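Heads up: the structure comes next, in structure tokens.
Chain naming follows the written order as A, B, C, D, E and F, and within any one chain the residues start at number 1.
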Amino acid sequence: MYSLTVRDHFMIAHSLKGDTFGPAQKLHGATYVVDATFRRSELDADGIVVDIGRASEQLRTVLADISYHNLDEDPAFAGKNTTTEVLAREIFDRLVRAVHAGMLGDAARGVVSLCVTLTESHVAWGSYEGQV
Amino acid sequence: MYSLTVRDHFMIAHSLKGDTFGPAQKLHGATYVVDATFRRSELDADGIVVDIGRASEQLRTVLADISYHNLDEDPAFAGKNTTTEVLAREIFDRLVRAVHAGMLGDAARGVVSLCVTLTESHVAWGSYEGQV
Amino acid sequence: MYSLTVRDHFMIAHSLKGDTFGPAQKLHGATYVVDATFRRSELDADGIVVDIGRASEQLRTVLADISYHNLDEDPAFAGKNTTTEVLAREIFDRLVRAVHAGMLGDAARGVVSLCVTLTESHVAWGSYEGQV
Amino acid sequence: MYSLTVRDHFMIAHSLKGDTFGPAQKLHGATYVVDATFRRSELDADGIVVDIGRASEQLRTVLADISYHNLDEDPAFAGKNTTTEVLAREIFDRLVRAVHAGMLGDAARGVVSLCVTLTESHVAWGSYEGQV
Amino acid sequence: MYSLTVRDHFMIAHSLKGDTFGPAQKLHGATYVVDATFRRSELDADGIVVDIGRASEQLRTVLADISYHNLDEDPAFAGKNTTTEVLAREIFDRLVRAVHAGMLGDAARGVVSLCVTLTESHVAWGSYEGQV
Amino acid sequence: MYSLTVRDHFMIAHSLKGDTFGPAQKLHGATYVVDATFRRSELDADGIVVDIGRASEQLRTVLADISYHNLDEDPAFAGKNTTTEVLAREIFDRLVRAVHAGMLGDAARGVVSLCVTLTESHVAWGSYEGQV
């Protein structure tokens, strides 16, 4: 199995609902460094998993729709607890749609799975991995 | 599949038995930076894999029982070669017991697997991954 | 010159005032990984710059007063633009007061300078360094 | 499942063929930081996946045959597009041959899979993982 | 003293002249991760050293003129040994010209020094620091 | 001012004397990742601060005399508290002697200062910097 990962980041404000979250129930924020890992069994005709340039561009596009937002007021997250794991899943879903829409090129439709990892500090990170 | 990782570290003295280990057969030591990765298919009601706070706390508790020890004289490791891999397995076992005992919260019982990675230098690390 | 650095982090919401900041004028947030570097010419009687345990503890204490805050509503930052540089200076000032108050131990009064670095993402960080 | 990873690096010149690669079609170069991850279900008699010393040595040997080369003129890569993914696969193949040849020791023949990751910058990396 | 650092990277081919360089006398290449650190005593009216956005943009512009080049054939480096140190100096010079030309904004003319660090692998990096 | 840094590591056992050190008064150990930064105002005739190959080799030689030792029984450290700071100074002294002895080449005698940083975990490091 081959993989190709690109990295970018976004910065948001939010609060988390539930006693579990202690002080994080207050409005605060985070920088998330995002790693998107695309996987496939065989490379395309160019010898790649996906085009790094296009993958970076699509990741940037997806993150631009979230970055500098107060997620508590972002309709896309209405009724959701915007934990690291939930955000990883949301970015996964948006990137999968971009792959299906051909935004990473026709060859990228050969990607079989994707893992999105969000690093929130030097001591904690979360991810979602699923089929594309 | 979702994952959540927390990081901590511990520092120990030990020696390794067997010609394979060359100079590491002498009493020396190491810092191990520990990453504990919890995985599950679906998030709990709060939208998380495990509570980061509790996971960090339990990891700290497990490591506190090993840190600053001379493992050559620690009964827990009697008759064992305390390689990076063996230590990763031991910490895995102790964290699994903590999950089963409810120390990470009731919801954390939904965790299906755990990977414990010990980084011993900037050029070498080892891990153990198994079912919870 | 000797130095000793300890690392911790905090997570806040804020907005920045001024056209320069573009989308960062909106309420958003950040994780700041904080490195506090203490310097002195000669070590103390124990052979250290400062006690790592105490330095980590004081850094944690200082950050606990800021972490999980919406800085736009924190009186401590009223009328200030809470840029990375301004936050580095504020944490510097609070740590210097802790040194002078003996919170890092009497020997730590031998520290001559301090550098506080705030990493806001994998591609940007800022710092303030000054005499203690 | 246990794993053991060792890290090293190599530096090469090359050009990539295909419109996909844009400016990377010109002769340029890269540093690749290489992580080789060996996996097996049970440890050997010494309590290890593979001997770190031998694994590091074999990785260095494999990379020495590529490092400081202009891959456009290296017969080993004739007719191949030397993308990060293709290079990861080539290094995988060479390390697998080393395992089979007993170069990592007899016990290392218990290794069941290997993952080779090549980091080409702080924002992009690729890998190949397969059975040994 | 305040500082602000932005990070980017470039990838080039080159060869180094002189017996000192051993195998690096052959045409090979490197990825350089570049950190540009701007310093000044007092912040500008917005509370910053330089605008992160503009600093990142100017660094990208400077690196775009070098990236994907074979430096052996780049007139800008004719007669120079393009070592890590020499490249750090060249990028320093180009960024200083950008500061003086007002490309980082008028306020950025208050910057008093700049340090450019080029990381060529996980085990080696070089820098040049000077007045602006 | 130019700089060139090389990185390596060593692993030791030791105990620290004094109430300040709490549990670290017991025999334990550490991995130290070592960065040696050489500085000079002007580059040598080859366009370098020091030869990376020789610098790496001398650092490895210096660390080989310490690595895998129990520092409590190493005569070189008799009567010394082997804190991170003290170890940084000792490695500094040994590297300076290597420079003066011409072990890094004649040109390296132009080095004016050296900084040795020892990273003991992901959250703490210490250094010593002085004239060569």
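Simple rule for what comes next: contacts are C-beta pairs under 8 Å (C-beta built on N, C-alpha and C of every residue); 3 or more make two chains touch, one makes a residue touch a chain.
Remember, predicted model here, so these are calculated numbers, not experimental data.
Enquirer: Need the graph distance between chain D and chain F over the touch network, please.
Expert: Shortest path length, in steps: 2.
Enquirer: If every step must land on a chain the current one touches, say how few steps get you from chain A to chain E.
Expert: Minimal hop count between chain A and chain E: 2.
Enquirer: Tell me which chains count as touching both chain B and chain E.
Expert: Intersection of chain B and chain E contact lists gives D, F.
Enquirer: When chain E touches chain F, do the two copies use mostly the same residue numbers, with over half shared, or different ones?
Expert: Different, since most residue numbers here occur in only one copy.
Enquirer: Please identify which chain has its centre, taken as the mean of its CA atoms, farthest from the centre of chain C.
Expert: Between chain C and the rest, the longest centre separation is with D.
Enquirer: Once you find the CA centre of chain A and the CA centre of chain B, what distance in Å lies between them?
Expert: Centre-to-centre distance between chain A and chain B: 27 Å.
Enquirer: Could you put a whole-Å number on the gap between the CA centroids of chain A and chain F?
Expert: 40
Enquirer: Provide the list of chain C residues touching at least two other chains, using ranges where the numbers run on.
Expert: Where chain C meets two or more other chains at a single residue, that happens at 7, 122-123.
Enquirer: Would you mind writing out the residues of chain F in touch with chain C in their complex?
Expert: Interface residues on chain F, with respect to chain C: 17-18, 20-22, 80-86, 88-89, 122-130.
Enquirer: What part of chain E is in contact with chain D in the complex they form?
Expert: Listed in rising order, the residues of chain E that touch chain D are 7, 9, 11-14, 23-24, 26-33, 67-70, 120-123.
Enquirer: Would you pull the chain F residues touching chain E in the complex into a rising list?
Expert: The touching residues are 1-8, 43, 46-49, 51-53, 56, 105.
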